[in-house]
């Protein structure tokens, strides 16, 4: 066994922390693009028109079954292959594009389900009351339903974000240099002699990020749902 | 350029050979982690002492870090540690590096799955109203009897949909066992892919196999749920 | 037969019970009345150890114990001599009506299965549910569920049955079927303590009425004493509020 050098954990932390930005950027991109698809999926499932609904259900079903690493490779090898048929060469594209594409495809389902559950959690009476008091459908959705749904969505969204971050660590396998990627590079550079220390440093970073995400969303939920909870009484 | 369908067919068949190993890892992991997770969930609910704090910390750490990191960490730590223990501490001559790699996979996935299942069981036990325990007490059941006969059967039914998701998640995670040199679905087709540079074909086939495997698992759970949740169904009035 | 003394209980800094006493003789039907928040439900739950009292003693036939420091053995003994009917029924959701009744017999009291089924069927017949043996709780109306709850209580042949607002969760048209069974039980001489808002039941059936308010027993006596000439102002106010045609003669 290699001797254990706890002080190297600090060295590794200092080297890896700058790459937290890449990890967060990857998450942001996925939430934006996956969120757009997710909205479509949620709409299709809520509206109950048969064909869009079946497509949405099928999409969610299939993406739920595919491991992230497999999806990453399908996108990484498949998209350049596909686009080359049309004479477009994307092999020089940043790795980040493929990562965000792959995770957007996968997490659109999760995001869609978060949106749908949040929308359905708002009492239909809210929309009815809004429409009856003269608001348009869009105004009713935007001003009455959406703010309430957002509060309902927070805990699930936070969960989804943590999952995305953890799955996102796999992006190193196609060569993205984020937290996991930089850590692996570091291990390679040291020829494996500080691997435990570096793994621990990465674990500290990911765990901290998770706790921060949970803290922020927990706070947000608390402050947004103020005054909505019923006063509790002892029987 | 076209997809090489001949290669796809070959890879599909070859990768199917990895399915039993995927199921083996999944089932053994569940067998190890379900009882441990259940007792950890109970200890978290029943007493608020040091052990429940440790459980909480463990669950938070495991659920807060990527599984790929857990795999790499344990796989780089465990074999040499075990070797050290066996050779230098116990003075045995067993060669740990010859041990089947599947053992490591089961250890890693169990450690991970225990944390996930602890949370799952805790919330499932929480869905059973407190009145059920009270009623069991008043008819004279002991706490153990109440759990075994009233609380757990109901919690299990409540847990089934999430348990199905967890099992699917676990199966998807086993695709990372190739990092520990275990020859399951992904590992086999990765090798096939590299041999002929037909990556896209190979990965499409893996996806297809996982879709089939997950479908089987979901059907299985649907059957179990149907069997167990009879008491929840209202008669048509 | 049953004596509880000095029962105290606080939830955080809210003192719900302040040294409450109660004595029950065999065959008594004790009805506890009082406004909501008066502590009557908490008091009943303390007797069966569903709530751990901060202080007080219980004497149940030859069993005598401190309510706060009772051993698990003693609690079990007391529970096996008594039965509890809940406001929201608390039927075991994963068991049929029949299994709900046999559970306490076969598992807790080691009655052989065949015998337990016989007893359970008789109990269910008695509450008018002969055709619902194999129904699960979700398939029953509230009134039917509460009748199963009562069958579950009488089947174990308890020395006393504690009723915690047994009709409060029921739709008005279902209250009658439950009260009718409780009246029959009273007629048979089964000892019970009933927390309820059903004044008519208290007037007709109770051997003793206890009026609680603010965590203390304000007044107790026969139904006649309480309903026609209450001694305490608080009792009078409560009855006036709850019985529109209550005319009090002093």
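The first chain written gets the first letter, and so on, giving A, B and C; residue counts start at 1 in each chain.
Assume a contact is a pair of C-beta atoms (placed from the backbone, for glycine too) under 8 Å apart; a residue touches a chain by one contact, two chains touch by 3 or more.
Treat the numbers as computed from the prediction; the structure is a model and nothing was measured.
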{"item": "Closest chain to global C-alpha mean, per-chain Cα centroids", "value": "B"}
{"item": "Greatest separation from chain A - chain, by CA centre", "value": "C"}
{"item": "Leader among chain pairs (count of C-beta contacts)", "value": "A-B"}
{"item": "Inter-centroid spacing, chain C versus chain B (mean Cα positions, whole Å)", "value": "47"}
{"item": "Mean-CA-position distance for chain C and chain A (Å)", "value": "53"}
{"item": "Separation of chain A from chain B, taking each centre as the mean of its C-alpha atoms, in whole Å", "value": "22"}
{"item": "Multi-partner residues of chain A (each touching 2 or more other chains)", "value": "none"}
{"item": "Residues of chain B whose C-beta touches two or more other chains", "value": "none"}
{"item": "Junction residues of chain C, two or more chains touched", "value": "none"}
{"item": "Contact footprint of chain B on chain C as seen in their complex", "value": "48-50, 76, 79-80, 82-84, 86, 88, 90-96, 103-104, 107-109, 135-139, 152, 156"}
{"item": "Touching residues on chain B, where the partner in the complex is chain A", "value": "1, 60-61, 63-69, 72-73, 76-77, 80-81, 84, 168, 172-173, 175-176, 186, 199-200, 203-204, 206-207, 210-211, 213-215"}
{"item": "Footprint of chain C on chain B - complex, ascending", "value": "129, 131-132, 134-142, 145, 149-150, 153-154, 157, 230-235"}
{"item": "Parts of chain A lying in touch with chain B, wherever the complex brings them together", "value": "1, 62, 64-71, 73-74, 77-78, 81, 84-85, 162, 165-170, 172, 180, 192, 195-196, 199-200, 202-203, 206-207, 209-211"}
